[in-house]
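Next come two complexes, and both contain subunit A; in the first it sits with subunit B, in the second with subunit C.
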Partner chain A sequence: MTPPISKRSAVIAIDAMGGDHGAEEVVRGAAALSLEPTYVQTVLVGDGDVISKILSGVRHNPERISLHHASQAVRMDESPAQALETKPDASILVAARLVKEGSADALVSAGNTGASVLACAKLWNKIPGIRRAALAAVYPTETRRGEKDDPFSLILDVGATLDVTAEDLAGFAIMGSAYAQLVSKNRRPRVALLSNGAEAGKGPPEIVAAHRLLTEATDLNFVGNIEGVDIPRGTADVVVCSGFVGNVVLKMLEGVHGTIMRLASYAYKERLIWRAGLMMLSGGLNRLKQITDWEEYGGAPVLGFDKLFIKAHGRSGARAITNAAKVAAKVVDADLAKQIEEAVRRFDARRAA
Partner chain B sequence: MTPPISKRSAVIAIDAMGGDHGAEEVVRGAAALSLEPTYVQTVLVGDGDVISKILSGVRHNPERISLHHASQAVRMDESPAQALETKPDASILVAARLVKEGSADALVSAGNTGASVLACAKLWNKIPGIRRAALAAVYPTETRRGEKDDPFSLILDVGATLDVTAEDLAGFAIMGSAYAQLVSKNRRPRVALLSNGAEAGKGPPEIVAAHRLLTEATDLNFVGNIEGVDIPRGTADVVVCSGFVGNVVLKMLEGVHGTIMRLASYAYKERLIWRAGLMMLSGGLNRLKQITDWEEYGGAPVLGFDKLFIKAHGRSGARAITNAAKVAAKVVDADLAKQIEEAVRRFDARRAA
Partner chain C sequence: MAEPLSPSSSALRRAHVYRWDLDKTYLRTDFDTLKALVRTAFEGAERKQAVPGAAALLRELRAGGARICFVSGSPRQMRRVLTKKLRLDGVEFDEFILKPNLRNMLTGRFRAMREQVGYKLPALLSGRAGVPESFHESCFGDDAEADGFIYSLYADLIAGRVDRPLLQKILAGAGVYPDAVARTLALADAIPRAEAVNRIFIHLDRLSPTARFDRYGPRLVPIFNYFQAALVLYEDGDLTAHSVVRVVFEMIERFDYKLDALRNSLQDLLRRGRLSRETPRKLGIEIEKERVPQLGTLPDAREILAQFASRVTELGETPAYSRPSNQPVDYLAAMEVDLPRKGRTRKDIAP
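This part shows the complex of A and B:
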């Protein structure tokens, strides 16, 4: 699960002011990364005094961390559009600008998702041929995949584009496959459309049309439609859907561990022997928590822009931030945007043919 | 969980040829019901020889069961439209016709869902003011509700109408609320729209518009938008969504028990003490299976037609069929269609005002 070491010096801009835990965990994550045997550089963007104070209290390698001051910050509960309008010096905007201008190669933030995606949309360009960006999420599955035996799949879009066309869905499939190839070292990720039946004709018109596009015009490992029950099983490595459906599904997946725990508590109340059984199992349940725990996986990519943004979960601790920055560096090193651009060009050529 | 006893003689037409277990379980379900202290009459529709032979082998009250022969049957895996076209004497069509003509009051089937809904759409009329029918499903939740302390919520649509307008969603809300009131004896069911955020402005245009309609033009107990994570929690008693989203969600919910069992098996392999704990918990896990088991709840209503159809799960055993027929009788006795018609009239009047 630990991303491999990046070989050259990618610079990752990190929004230090975002996330439920405030600057503390974010700065600790960057500090821990600076001590690892990688060449990844981080730029912590946010309130200079706050960041310096936290840094002075934790072990870190000062040659691998720099600080870029931003006087404002977007709160987790703020309206994205309004926040960006009224706070031109917000850390997320400043960080996205550093990437745009080439001072950094990619962006990581655990802050307000809407504001982060909007900042990228305002400042960055789309990859040629891609009309709509997608926010992807990783989710734990029962089956594993790729050289690294990754126990997670990718689902996209989960909220950037609520209404989609067949072409948008095809674009998501191309981008998701390229990302999964890279991050899970999975040579031929199984790509599927989420629908209400396995047959090619199932689903609303845009799903039916996307099924045809993916079959006829891409060289992806497209395995057809999957249904809701296949998501936690891990039948597909990349699940493609509209941002609306993806968001509903993602939030259901996030709730699974909580539901299991609460259902288990019924057993707990009922009988002494069940209670004893639960106590003996507690180590196993913690392992289960790990399997279903987002923090393990660093973050979720926003795909479709010429620059990379990795959105870390709002609840991210230091370890999740470290992982997100490492994944970002790895993706930068492999030049994902160029790979996507080439795949889209092949797609367009096959459609025209 | 047992539906109360019906007070007058509702006649329920049952498609005896549908379901994964064939006629055997369906006929046994009707036989068991005939021995219960209710006045419910059933008409078993299907192959006369097959049904007679099964009936002759099980205890039943012949005064409460009759038989109506149909020479054809739709298989579970058949294409609905084609099946109904090529099989005019299919048991599901014959049964729906008995209801249309007044020889029976409601229809129960565990057979091919698409063919069943299509048969109703072909033969029955919509309730005045309702433009699109909805297939609802009951699903188990952590919290309980109503006088009967029902541990399930209703979600609709789950597949009858893939693309919906705001008006369709409002109609689903009105119908779902009326049904939940009746079946769970829940005076003010909490009705919610499934969206990608709790705020009124969240979601695609039809959800945003439906939110406004439900707030301004209905007297429902509308609690606003809920997110995916709220579904298994049971935050709402009636969850309203498009047939496409509902179908994806329902199939994820159906998979939860399987996922829990498979995740538990990781623990099982890992350590002896976890294995012992799991064995001690096995009674609790069976209880959990019950909580997440569809068969307990009889069936799912198709709402929007002037007649009632209760779709029993394809896997239904005899007990599920018995329950489905009892629920159908109860809904017939309360004249659900008339209640929905009146609620829609109030809705239209408030919109016009």
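This part shows the complex of A and C:
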């Protein structure tokens, strides 16, 4: 039996109905988390009957799991605004409300990204000094970082805010750096702006202005501009860009990954000698796959709100959900919002000076 | 170690027998590795740990005069240390049966050292023969071995739902030695038939999926802690509101449980359909009406009740996930799942 509770633990609300795999994988993820020595409580939000049936079939510790019934759910293909309008009891809305009311400390969802971010925006407040929220993503790189040897860099924004100002970009940099410090245990994350050249004057006006702001008014480890090619190289630990650019970059990187996998599959089928070559490399490739396994990371945060939302990938399996909730609990324990607020205050003070 | 809390004066059923297993049901025992097994065998009574709430529940059940009988797979050589542990916890008992493992080893009955059906079933039947026919029973076991199977078989046997040929098949399939088969059959033949077993509680020490026990019907309730058992016993009329509070008190005061864990446990029972939604409400009214005193550092009863009520509300209006159906238990199918076989098929085991 798991040890009894000795202190108040983080309570993570999980939207049980979101994700490509439906409730099954999400509930299994919460069940697995309830068995871990790290004490995290979860509130599974969604169809009570569905969740109960799944829980009855898996090992779990119910002392660490509660269920909050929500009669509706937003599908992955639904229009976010319309879905939230017509489904007031949608699991993502109910879960975000629980966090707002203090019944839970953070939110995890693998569901419809737009609806999730919109639900948070509707119900939560922004951190003082932060004008726009940013959706982050993690991407595997050649180099590792921090005490945890984290192979992932953080890219933000990847879609929450399409039009940005230099101040918005500076805000993203501050938030991304604070998050990377906590999650990757990276004391001085290298922060960079994504542009079309390394020189300070390269890029659209907001990038040029943001470069100046980050150089002059922040105490971040700002390494200047980087180009797209630097993202997989791991030149920076936190890559800052507008939501429009970030989304295009992320989709392209995913597309490249998919193409490589298809080419490898083609090579495997096409010639015996290529197949033999791939088989000889399989050990190394598997190791690489393990190192860069995004499920290990769980999810990426939506930063800028006074509450935390970890967006897990739509394809998340149980392990990714477990890890996303663990990341959320870790960030809650460290009070990320407060750290960001203080960093923003320092930034404002420097600018004023 | 703090002195055990004196039980409350009002238990409800005197003509009742509570049959308990020891390891992993009453005691937190680890014998999953050889090292842990050796440590368990040699540790003193003072070092042994009870499962949170188990001692308080036993004291409450005993307080009204119910019989407490232990039937354990621990070897007889551990009697002194185990009875001392129970004494330290303030638990009184009427029967204490341990397994003759040394004799089994010396006589080469190695299968009997591990096998439980051929030991526990006759022990339970023999115990039943010693109590008046009108006595009802509740059994407590765990998910580490085959307690759910054995207790259910025992209940259905004395209720007359398992006939002689089926019992013979089961005993053969379980690998029970011929002399134990003969003894079990003789005891089963002689026992007066009665619907005596009200409840079987299986403590989920290994956190097994609860659905694993659905095959045994609604009589068997898988529990994750003894607060859950106390709630079901309260609903059944076997425990008072005072007693439930005392079980909660022990779990919080001596085992550092927080209310979050307890209210989640309550919600778990409700959503599994193992407790009626009316029961927490009734418990709340009784606690207030009877002015159950505040115990130690336990929060005020009103606060506890408010917290419990919020978990009930959060379940919404959805019907609880349906309880297992009350179909007859298919023991031959259950054997395949719940009785360990160790590399041989059942057909290979001679009766």
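In this text, the second predicted complex is superposed on the first by the 326 of 353 C-alpha atoms of A that agree within 3 Å, B and C clash if a C-alpha of one lies under 4 Å from a C-alpha of the other, contacts with A are read in each partner's own complex, and residues count from 1 in each chain.
By our rule, contacts are C-beta pairs under 8 Å (C-beta built on N, C-alpha and C of every residue); 3 or more make two chains touch, one makes a residue touch a chain.
The structure presented is a predicted model; accordingly, all values stated were derived computationally and were not measured.
Chemist: Which of the two partners, first being subunit B and second being subunit C, lies in contact with A:Thr215: first, second, both, or neither?
Modeler: neither
Chemist: Which partner reaches more residues of subunit A, subunit B or subunit C?
Modeler: When the residues of subunit A touched by each partner are counted, B comes out ahead.
Chemist: For A:Asp47 in the superposed arrangement: first (subunit B), second (subunit C), both or neither?
Modeler: Second partner only, subunit C.
Chemist: With both complexes overlaid on chain A, does A:Pro232 touch subunit B (first), subunit C (second), both or neither?
Modeler: After superposition on chain A, A:Pro232 lies in contact with subunit B alone.
Chemist: Quick one: is A:Asp163 in contact with subunit B, with subunit C, with both, or with neither? Answer first, second, both or neither.
Modeler: In the superposition, A:Asp163 contacts subunit B only.
Chemist: For A:Asn125, select first, second, both or neither according to whether it touches subunit B, subunit C, the two together, or no partner.
Modeler: neither
Chemist: For A:Asn196, select first, second, both or neither according to whether it touches subunit B, subunit C, the two together, or no partner.
Modeler: first
Chemist: One more residue to check, A:Ser71. First (subunit B), second (subunit C), both or neither?
Modeler: second
Chemist: Name the contact category of A:Gly243: first (subunit B only), second (subunit C only), both, or neither.
Modeler: first
Chemist: Shared contact residues on subunit A for subunit B and subunit C?
Modeler: Common interface on subunit A, subunit B vs subunit C: nothing in common.
Chemist: Which residues of subunit B touch subunit A in their complex?
Modeler: 142, 159, 162-163, 194-196, 203-205, 227-233, 241, 243-245, 247-256, 258-260, 262-264, 266-267, 270-271, 273-274, 276-281, 283-285, 287-288, 291
Chemist: Would you pull the subunit C residues touching subunit A in the complex into a rising list?
Modeler: By the definition above, subunit C touches subunit A via 28, 51-52, 205-211, 214, 224-225, 251, 255-258, 260-265, 267-268, 271-272, 311, 314-321.
Chemist: Tell me, which parts of subunit A touch subunit C in their complex?
Modeler: 1-2, 4-6, 8, 35, 41, 47-49, 52-53, 55-71
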